[in-house]
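Structures follow.
Next come two complexes, and both contain subunit A; in the first it sits with subunit B, in the second with subunit C.
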Partner chain A sequence: MHGVRRARQSKEALEAKRRKEQSKLRDYLALTDDVLTRKKRNEWSREALHATTQLLQVNPEFYTVWNYRRRILINGVFPESTPEQIKDLLTDDLSLTMEALKIHPKVYWIWTHRGWCLNNVPSRPGISDDGDPRGWEKELWNQELFVVEKLLDADPRNFHAWSYRRLVLESMPVPKLETSELAYTTRKIESNFSNFSAWHQRSKVLSSLWSQGKLDETKSKEEEFDLVHNAMYTDPKDQSVWIYHRWLIGSGDSRDILEREIAIIQSLLEEEPDSKWCMESLVHYKRLLLRNHASSVVTSTLTQDCIKLLDQLRKVDPGRRARYNEIGKVVVIPNCVF
Partner chain B sequence: MDNEGIFDVIVIGTGLTESITAAAFARAGFKVAHLDENVYYGGDEASLSFEEYINWATHAKDSTQFSSISLSSSDALPNSRQYSISLSPSVIPAAGPLISSLVASGVSRYGGFRLVEQVAVYSNHEVKTVPGSKEDIFKDKTISLLDKRRLMRFLVFASGDEDFEARTELEGAKADMPFVEFLKTTFSLDQKMAETIAYALSHCVSPSDKALSALRRLRRYLRSAGRYGHSPFLIGQYGSSGEIAQGFCRTAAVAGCVYILGKEISSITRNRNFDESQSSPTYTLTLSDFPETITCDLIVSSESHFPAGLLGNIGDILRIPPAFPATGEETPSTIARGVCIIDQPLSFVSSQESSSSEEGDGQESRPTLDTGIFVFPPSSLSTGAASSAVTVLVVGEGTMSVPKGKWILYLSTSIDTAVSPEQLLKPYLDMTLSLSATSSSDISIIPLFTSFYLQTTFPSSYTTSSTKSSLTTSSRPDHSFGSSLPTILLSPAPPNSPLPDSGDAAAVNAEAIFWEAVKALKSIKASKKLQKTSEGQVPPTVVREEEEELVEIESFWPPVVNEEDDEE
Partner chain C sequence: MSHELNSLLIPLHVSYIQNLGKNKDDLMYHLTAHLRMNAIYWGLTALCIMGHREALDRDEMIDYVMSCWDEETGGFGAHPDHDAHILSTLSAIQILVTQDAIERLDINRVVKFILSLQQPSGVFAGDSFGEIDTRFTYIAVNALSLLGRLKDLDVEKTVNYIVQCRNFDGGFGSRIGAESHAGQVFVCCAALTILDRLDAIDTSMLSWWLAERQLPNGGLNGRPEKLEDVCYSFWVLSSLSMLKKVHYIDSDKLISFILSAQDPEGGGIADRPGDMPDVFHTHFGVAGLSLLGYPGLVDIDPVYCMPAALIEKMGLRKGWQALERRTG
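And now, the complex of A and B:
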C-alpha cells in the first residue's frame, strides 16, 4: 500500500512466518493424500465428500478432485437422497463455487462444476411458480444469469464468463429475448469497446437474429458498420474492432460495401499514416475485390495498391515482414489472389 | 498559567491554506494558536448558512477582499441552516495535493464527497456535454469521425508521461502560443473543439492563456479522471471549501491547537532586535476583548489578512511563491461572482442528444443533474461582456449544501476592469437557466434569490519598511542565531480561477509554509537551548538529549504505520 510504512520484521517474525508456511504445506499434503487414497478405493462416503470440500477450498484448480466429488455425489449421495435434498446439495455446491470464483474467476474447473450442478437439478416445480414442472431449474438458471452479469461487471473481458453466459442463455427454461441480449452487448461495448468477447457475442446474436428473420440483415449491417467506424476512428489500435469489421465484410460479396469501406479506412490512414491495422485491412479488402469482382475493377491499380501497402507494412510491422512478403508474392498472380 | 499563552507559532486567518498549515503544525507537535477575526471558520473561503450569508453581505463593506455586494432580498429563505453557501466555491481534482492531504491527515473522514456529474460547454445557443474520456468520445453522436480521431490523438498526447517541453509538438515558440491557437494548428482541431478543450477541459480563463501551462493543467485533470469515478472532480459535502477548512481546523484542535475566533488583533509587538538573545519569544500579540496576551516565535498568515499596520517593528518576512505560476499572463486579481438559488432541476443534456438514445421512451425528459459545471468560452455570448470564460457551478441536494428540491448556481469570471458584477453575470445566468430548463414548456426558471459581488486577491506588491524583506526562498544562509531567520511567513491567496485549482494551490502553499516554518522553528529552538547553556541554566548533557527529542519531521503528515503482516 502506498504511504504506509512497513513495520520492519524481526528475524524472529520472519522465522515464525516460515514455520507457519511449512505447517500449512504439511497440512495440504496430508489432505491431498487422504483424498486421493479414498478416491483410489472408490469411497463414496460423506466423509469423503467433506474431505474434497476442504481440499477444493484450498486449491480449486485440482480438477481430479472436482471429478471425484461429482462421482461421490452421483454414486454415493444422490441415490440416498430425496429430490429436495439433492437440490440443497447442489445449491451448497453453487455457493462453494461462487466463493471460489470470487477469488479465481478464470479457473475452468469451477465453471464446469457449476454448469454440471445446474444440469443435474431435478425437474420439480418451484416455490413461487404456478405448477411449472421445471420451476427449480428456472429459478436457478435465472440466478445464474445474475451471477454471470455481476462477474462481467467486475471484469467485462473474462471470456470464461462470456462462454458461461452463452451456456446459461441456451439452458434457461424460459429463454431471454435475443434483442435484449443485443442491447446487453451494446452496453458493454459502449462502456469499453476494447473487448473481444463482447463483440464476439454481438456477432453471434446478430447472426441468429438475421437467420431467424427477426432483424433486417442489410439495415442492421449498416448500423453495425456505423458503430464500428466510430470505434475505429476513436482508437485505430484496437484489434477487436478490426476483427469485428472483418466479420461484417465477410466474404466480400458486395462490391459497393467493399469500396465504401476501403474509402473510409483510407481516410483514417491519411490521419494516422502509421496505422498497421488500416494498412492490413486495406490489403485484405482489396484482395477481396480482386478475387470476387475482377471483371468490374481495375485489377492493375488494385494490385499496385496492395504492393505499396505491403511495403509500408514491412516498415511499420517488421516482425511480420515474412508474412507480408508471402502475400506480396501471391497477390500478383492473376486468378490466384488468395 | 505560565505556559498557556506561549505558542511556537500563531496562524492568522482560517482560510483553507492556513487551516491546512495549522493542522500540520499541531500534528507535528508544535504549540499552535489559530486566530480569526470572524466568528466562523474558513475566512474568505467560508461556507455560510443563508442568514450568515445575508449578514456577511450586509456587513462586509469594510472588507478589502469583497466589494460591490448586491442581494436580491435581505430575507433569508426558509430552512436557512440547510444552506451552506460558499464564498469561494471550488472543486477538487481526484488526484492532487489537496486530496492527498485530506487522506493523509484523516480529514477526509469528517465528511463526504460527491463527484461532479457533468461538464458542459456553451456553443451557439446550445449546451453540449463535454466528452472527457474515450468512452464519451465513442458514444458522442455529434462529433464527426475525423474530429473523434483528432480529439483522441490530442488527449493521448495530453495525458502522456513525458515532459511536454521535450515533445516535438511544442518545438519552437509553441509553448508560449495561446492554447486555442496551438490546438488548431498543431492538432488540426476546429475552433469549437479547441474552445471546448481549452475552456471546459483545461479550464483556461482567457484566450491568451499559454499552451504549456494549459497542457500541464489539463494533464493533472486527465489523471484525476477515473480515480473515484468517471469525473475528475469532487466537491466536498456540506459546503466544499469552507467545510474542508473547518475539517482541518477540527483535526488541528484535536491535536492541541488553540482556537480563538471573533477577536480582532489589536497589536503585534516584536520583542527583541535581531542580535539580542533568543530566549524570549519573538512576538507578543494582544487581542481586543481578550484578557491575556499571547506570544509566539513565528507568525503565519495569508498575504491578504496580514495586519501589517499593527506591527511595532517589522521582522523578517518570507513570502511563499504561488503554487501554480500565473497562466502566462498576469493573473487578474479580481473575480466577479454570482450566487443564485433555484427550485427546479437543470439538465445539460441537450434534447437532441437525449432523444436519440436507444430506449426512446418518448418522454422528452432530459436527465437532470445534481452537480455540474457549465462553461461559457470567452466572448461566446453576444449579450455578455466577459472577455474571460464564465464558469457556472451547479450544486444540488446531493452535496448537502442545499435543502431538498433546491439548487445553487455559482457563477464566476475573472475581470480586469471595474464592472458591476450583476450587470456582467446576469446574461450568463439567464442563458444558463433558459438552456438548461428541463420542461419543454417556455416557462423560464425564476430564481428564488440572487446575489453578486467582486472578490479581489490582495495585490502582492505589498511593501514593508524593513530592509530585510527581500529574502527569497532560495538564498537562505544557514545560521543558528542570526538576523536572517524569517519570523513571518506569508502565503499568497489561492487563485480564484480556474475552478479546480484553488484547493490544490492551498495544499501546496500550506506544505511550503510548513517546511519553512519547521526550519525556522528548529533554528530558534536550537539557538534558545544554546543560549540557555551558555547562560549556565542547563547543563550541556541535557541539551543534547533535548535536541534528540526534537523529533525529525520527515513528512508533511505523520505517516500511518501498519503493524500487520503483509498478507496478500
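And now, the complex of A and C:
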C-alpha cells in the first residue's frame, strides 16, 4: 500500500463501513467462486470470458484471472472467430486494460496483458498484392506508443511505463527512428530536468546511435555537455544531472575534457559555495586525472585539492562522511586512487 | 492509547501481524488474496526478526502453504486455486525452510518448475506466460540455493543476463535497458552474491549511487529525485551490506525515519509517516532496522531475507556485513 493516508475512524464508523461492504463482499466472493469453478472445469466459453471481464474490472491484480482469460481466448474464442473478430476482441482487451491502468498504473499484470494482446494481433487476411499483411499490427503498435506517451505525461517517472515503452519500441513492426526517440527524451528533459528516467533513456539511445555511427560521437557529446551545463546551472542540487554528467565523462580518457569540465564546475562552485554535488564531482574527476593522466598533471596539487574538498564534503554532507573518509584514505596513496 | 514513536513497538506489531489473518469479513482481505503467500512470508519473517516466531500457528501455516501447491505445474500459487507463479513459489519455500518443514516439499518437481522458466537469454520468466524480470532471476537463484540444487543451474547464462542489466551508474534494472532501481539492485546483487560473482559489480560506483538514496529526512528513495519509502530501507541496506558499506549512510536518521512510519495505535509500519500500514512495509521496515543494528532484534540475512542464524546453519552464509547490534 503506497501513499494512503492513515485515518482514525471511530468503532461505529468502521462497523458501518463493514456493514456497507458486506453486500459487495458477497458479490465479489460469488464472482470469484464462479470464475475459479469454470477455470477448474477448463471451460473456454464466452460466458466464462464475460465473467473474467467482470472480475477483472473489480480486481485487476488477480493474475490467475488474466491467465485464465488468455486461455479462454486461445482455446475457446479465437478458434471460432474470424481474423477481424480476433482483432476486435484484442482491441476490447486493450480498452479493458487501459481503464485498469488509469486506476492502477503500477500493476505488473495489467501491463503484461497489454503486451500479450499486441503480440497476438493476427495478420490482415485476404491481402493479395496491394496491401500490407502486417497492417493491423502496425496500426496497433503505433497507437500503443501514443498510449504509453499519455501515461508518461501523467507520471513521467513511472518505471513500468518506461519499461513498457522500450518493449513497444523493440516490437513495432516498423521501428521508430532512434533519432526521434532521442528527440522524445529531449522534450521530457526540457519539461523537467530532474526526470532521471529520461536522462537514462537518453544515455541508452545515444550509446546505440554512436556505436552504429549514426551520430558523430565527439560532436554529439559536446552537445550533451552543453545541455547538461545548462541543467546544472539551473538547479545544481538536482542529482539526475550530475549522474548523467558522470556518464558523459565515463572513464575520463580525455584529459582536455576532464580539465575543461573541472574548470566549469569550479566556477559553479564559486557561485554556489555549499554545493555538495560540485565538490563530489570535482573529487571524482580530479581522481580520474590522477589515475589516467598522472604523468602530465601536478599530482601533489590535485591530491591536496581532493583532500580539501573531502574536508568540505564532510561538513556539508555529514551523513555520508564515512564514504568521504574512505576516499580520503586512498587518495593519498600514490598509484592507488580507486 | 498512543505511543511515542522513538522505539520499535514490538508487541503492537506482533498483534498487528496476528490480526491480519482475522479480517475475513473485510473486502480488502479478499482483494489481496493474490499476495497471500508473500504476505505470510513477510509476516513470519518480521515475527522471527522481532523474536516472536511462535506468534502464528506453525501447523496451520504449513497446511495452508501446501494447499497452494499446484500439482500440475509443480509450483505454488498465491492462494488455493490460484495459478503457480515463481513469486509465490519462493515465498512458499522460504516459509517451509523457516518452519523446518522442507520435507513436505516434492523438491524435484519444484526445481523442475523453476528451471523450466529460464529463457534462452538467461533471464527467468515469472510463469508460463513469459513476463521476464531480474526479480525472477533472483527468486530462481535463491530458491535453488535453499533447496541445495544450484548445481542444476546454468550459472554462466544466468550471470550473463544480469550483467547486461547493469547501467553506467553501477545499478541494475529489471531488464536489459531498464533504469536502475534499488529493488532491482537488491535482486541482482543478491543473485550475484549467491553465485559468488560479486566481481560483476562496480562496487565504488554502486555504493556511491546507493549512499545517495538517503534524503535529508533520513528515509531512502529507490531512484534519483524520488520520494523516500520504508521498503527501500531494506533494498538499499541489504545491497550496501553485501558491498560491506552500510556505514555510508546516516543510520541514526534512517532508524528515526522507519520508527516514525509506525502506526502507534493499530501497529504495523507504513511506507512513510502518517500513511496506512501494511505487512509488506512492516516486514521491510523491521528487516531494515535489523541491518542497522537496532537493539533487541534478531539478525536478518540480507541476501536471502531470512533469519541469519538459519542461513548460517544451512551453510549458505555469504560475506556480507551489517551494523553491529546496539545494546539498549
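As a working rule, the second predicted complex is superposed on the first by the 281 of 338 C-alpha atoms of A that agree within 3 Å, B and C clash if a C-alpha of one lies under 4 Å from a C-alpha of the other, contacts with A are read in each partner's own complex, and residues count from 1 in each chain.
Here is the rule we go by: a contact is a pair of C-beta atoms (placed from the backbone, for glycine too) under 8 Å apart; a residue touches a chain by one contact, two chains touch by 3 or more.
Nothing here was measured: the structure is a model prediction, and the numbers come from that model.
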item	value
First, second, both or neither for A:Glu21, with subunit B first and subunit C second	second
Dominant toucher of subunit A (residue count), subunit B or subunit C	C
Touched partner set for A:Ser191, first subunit B, second subunit C, both or neither	first
Touched partner set for A:Val332, first subunit B, second subunit C, both or neither	neither
Partner chain in contact with A:Ala154 - subunit B first, subunit C second, else both or neither	neither
Touched partner set for A:Tyr108, first subunit B, second subunit C, both or neither	second
First, second, both or neither for A:Pro236, with subunit B first and subunit C second	first
Subunit A residues contacted in one complex by subunit B, in the other by subunit C	1, 3-6
Interface residues, subunit A side, partner subunit B - complex	1, 3-7, 17, 183, 186, 190-193, 229-231, 233-236, 264, 267-268, 271-272
Of subunit C, residues touching subunit A in the complex	25-27, 30-34, 77-78, 81-83, 85, 127, 129, 131, 167-169, 173-175, 177-181, 204, 207-209, 211-212, 214, 223-226, 229, 245, 247-250, 253, 263, 265, 270-272, 274-278, 280-281
Residues of subunit A defined as touching subunit C within the complex	1-6, 8, 18, 21-22, 24-25, 28-29, 32, 36, 39-40, 58-59, 61-64, 67-68, 70, 108, 112, 116, 157, 159, 162-163, 166, 194-197, 200-201, 203-204, 238-240, 243, 246-247, 250, 318-320, 322-323, 338
Subunit B to subunit A touching residues, read off their complex	104, 134-135, 137-139, 145-146, 148-150, 152-153, 358, 559-566
